[in-house]
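The first chain written gets the first letter, and so on, giving A, B, C and D; residue counts start at 1 in each chain.
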Amino acid sequence: MSLAEAREALARANRIIALEGVLDAFGHVSMRHPSDPGRYLLSRSRGPELVQPEDVHEFTLDSQIVKPIKERLYSERVIHGEIYKARPEVMAVCHHHAPSMLPFCVTGMKMKPLNHLGATMGAQVPVWDSRDEFGNTNLLVAKPEEGASLARALGPYWTVLMRRHGATVAGRSLEELTFRTIYTARNAAAQIQAELLGAGLEPLNAEEIELGGNSNLMPGPVMRAWEYWSVRLDKAEGNRPPRKPKGPAAKQSAPKRKTVAKRKKSKRGR
Amino acid sequence: MSLAEAREALARANRIIALEGVLDAFGHVSMRHPSDPGRYLLSRSRGPELVQPEDVHEFTLDSQIVKPIKERLYSERVIHGEIYKARPEVMAVCHHHAPSMLPFCVTGMKMKPLNHLGATMGAQVPVWDSRDEFGNTNLLVAKPEEGASLARALGPYWTVLMRRHGATVAGRSLEELTFRTIYTARNAAAQIQAELLGAGLEPLNAEEIELGGNSNLMPGPVMRAWEYWSVRLDKAEGNRPPRKPKGPAAKQSAPKRKTVAKRKKSKRGR
Amino acid sequence: MSLAEAREALARANRIIALEGVLDAFGHVSMRHPSDPGRYLLSRSRGPELVQPEDVHEFTLDSQIVKPIKERLYSERVIHGEIYKARPEVMAVCHHHAPSMLPFCVTGMKMKPLNHLGATMGAQVPVWDSRDEFGNTNLLVAKPEEGASLARALGPYWTVLMRRHGATVAGRSLEELTFRTIYTARNAAAQIQAELLGAGLEPLNAEEIELGGNSNLMPGPVMRAWEYWSVRLDKAEGNRPPRKPKGPAAKQSAPKRKTVAKRKKSKRGR
Amino acid sequence: MSLAEAREALARANRIIALEGVLDAFGHVSMRHPSDPGRYLLSRSRGPELVQPEDVHEFTLDSQIVKPIKERLYSERVIHGEIYKARPEVMAVCHHHAPSMLPFCVTGMKMKPLNHLGATMGAQVPVWDSRDEFGNTNLLVAKPEEGASLARALGPYWTVLMRRHGATVAGRSLEELTFRTIYTARNAAAQIQAELLGAGLEPLNAEEIELGGNSNLMPGPVMRAWEYWSVRLDKAEGNRPPRKPKGPAAKQSAPKRKTVAKRKKSKRGR
């Protein structure tokens, strides 16, 4: 993947996760640089729904911008940098304050996968509390040591709740990250309803979480979801998808289809 | 109904049920082949909101594709094939993970019709648990024996809940299936609220379920709802319905009206 | 108001109440004939969101169509006819199954106004149960005696809940009906949340309901809300409102403004 | 800021807060006159989603219109005038009936910030009850003494709940007001869910509220949110934002960018 393709894909992931209601004016999505694992890509400071490829800049793993710009930067960049440092296999990170997950950030309620889609949140969802190491703060994760502490709390898992703040999610690809971020937030919304019904909630067990989560993170389901959200984004942005895939208008979504094709490993869908 | 009309209608049902919030990136809708009861029609693997007539292919009741294609197929096709085998009167099937029904999939709470529209879910909504026969799995219903087990659990009813997974719905026509799928999900959302109010929920009794459900599944209400959802889909897809039914633009929705007319048996509406 | 204007306004009220989420594929809105109090206007059977002026027909108070048509009619017309018979001051009626009110239809929970807008539901919201007089039915109110029974339950009030079914709302004008229907449904949604918080819900008292409800049903607030919903409908239907009220496009909304002007009695808004 | 720019910005704030679901047919937003602190700007009486610059008029702090017009005025203008009198640092006020905050208006439940974004509601959210001083009324705050009483209840804080009515919010700028209004309503919705989970809700403590709230009300976050909501509004109104900021279409959003630039004080984002 070229740097230009990466910036295009990252901008799109920002806008998809915003359109699906997980990000709003705040939060951000990054990806590791496609050819230099010692750098990552992140937008300048603006609402994720507005991010375009030209907003995306390169950062070192110490979260310094490579080519300084005049515009503002996200102050919480260290969330991304410190996770990339700690987890070489992580290729993309999203930090958000999804409304459906805030109730879990301020109570002792554990997040539980209700089905295989929710199981992509990971075997456990650890909780990080900024008070434990840093006392009373403005809640922002702006210092390197705060980012490093959060990364330690995430440990080997994929989603970490941040007390009185939000959540941070990691993925082995931008598309996996998008899938996990959205379905974990959806699962949380349904779990609240299920907890309230109070009739003995029984979520997936450990083996089901592993089997179900892994099978959903295969290229087939991940790219199927990515195509779906991507077309929804195109529609919401006024770029109507072509009805006939062979017509001239079809070129618009060509890159996306190509990505699906390149990653396709088996014919086994869902 | 010709095969071409069937593919058009099935693609439309996929997109309607997605637009109405029951399907998202996952789930699928099938219909029995209009002239060969030993086959069914189903899209290749893609988000239901994206399904176009050219995505729809023919499958045997053993869920093998009749003319192999290069693209991925849904892995859970056996849900459809095994139900068509077991229930000759079933002409359409939808498998989904509606957010409003997931709480019922992980608790012991029974689904209850709150009014005549919800009564179309059927006299009972049985629950199938993949663990009972197959132990811990990835939750997907991908093997013929898993599909057959689910079809047995559905029995003579129309909606079956799948523990820690979602639901599967059957209908005697594509339009009836669409009606039942959407109104059952809507009823579930309202039931959660009603259960929480906790002031003595009293749903329809058995005779009211039968009378109310049946009266809603007459051609009149079913086609009225189908026309409504179909026009909403056209609007969402940028195909505005004509304001004057006699203008030249009216041809756009002509097939739909024709279908309504053909099925019309009585003038008794609602 | 001419008959043509009445049909236009009634079609618009149908589409407004649908757009605002109270009506869906089912339910209907009627108004008394503008010059003949012994007749009322109602659409032929179709989803309210689709109703156009040419769909609106005249009915006697016995709910017989004046000029028979080929298309289907709503089977529950008697809800409208019997209320118009019993209540000469009622000029418009809406029957619906709003999701936020269904929980009140199946539990013993009383509806309570949370603020002055909700107070337009009326001093009391009586409950009608079809089982009391008619035993187990399909829940539809299709027979004259069923409609008359419902009208008796409504009594001198403005909103009646129908057990295991939905609700029926009356108004002294189409615009008042639209206001009461929408704000009563919105109030119900908020009340459910308030009841669940369980920290001593204290609604308006009887005098506040009367004062607050009446002040909201003055022409000013009612027409302000009607203009708002009407412009939202225009936007949703692709008829963008003019930005400059004096431009040529402004004619599109001229009838609406005129109505506002005609009814304006004081400058006291809100 | 010129008066023309102020009217444009105020109209936009009205439409933004409506689009984001806090205002509906009712409620209103005002700002202090940009060059005369003894006056404020407010729309004539119409739904906030419809307010255009030409609807905005000047009022004295006694809530009298400076140049009388024929159209109706909001009857609750004194909410604005009395707060501007009592609080010289307040530059903008919003009165609303957000659905997510009504449950707090009728119960004894206190509003609690779940994260730093919610902390912008202020250190405390006092509650005003019209019954305390004025007994049973129609709930409207229409008399100067009612407005003054509400302003006293607000005291030195930024958000005041009005029992059985709604809420009023103040800000040191239009953009700060918009931020606080929207995020307080969003926090309320999430708090209801968190309270229901009932597993020991622990919100921000006093120091975190101060630190987190203040850091969010710096120009960076406030203008980032304003740009985001402003572009969403443009999209909803059919004015698509330019994809390439240097293209000719970019002029459309030029005023907004200029405002961001002018206020920008540091590069520290979030």
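Going forward, a residue touches a chain if its C-beta (ideal position, glycine included) is under 8 Å from a C-beta of that chain, and two chains touch if they have at least 3 such contacts.
Keep in mind it's a predicted model, so treat the numbers as computed, not measured.
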Smallest count of steps, each to a touching chain, taking chain A to chain C: 2
More than half overlap in residue numbers between the two sides of the chain A-chain D interface, or less? Answer same or different. different
Given that chain B is a copy of chain C, what angle of rotation, in degrees and a multiple of 5, matches their CA positions? 90
So the centre of each chain is just the mean of its C-alpha atoms; given that, what is the distance between chain C and chain D in Å? 31
On chain D, where are the residues touching two or more other chains? 196
Could you list, by residue number, the parts of chain B that touch chain A in their complex? 24-26, 44-47, 49-50, 52, 54, 71-76, 97, 99-100, 102-109, 136-140, 163-166, 192, 195-196, 237-238
In their shared complex, chain C is touched by residues of chain B numbered 114-117, 119, 186, 189-190, 193-194, 196-205, 207-208, 211-212, 214-215, 220-221, 224-225, 227-229, 231-232, 235, 240-241, 243-245, 264, 266-270
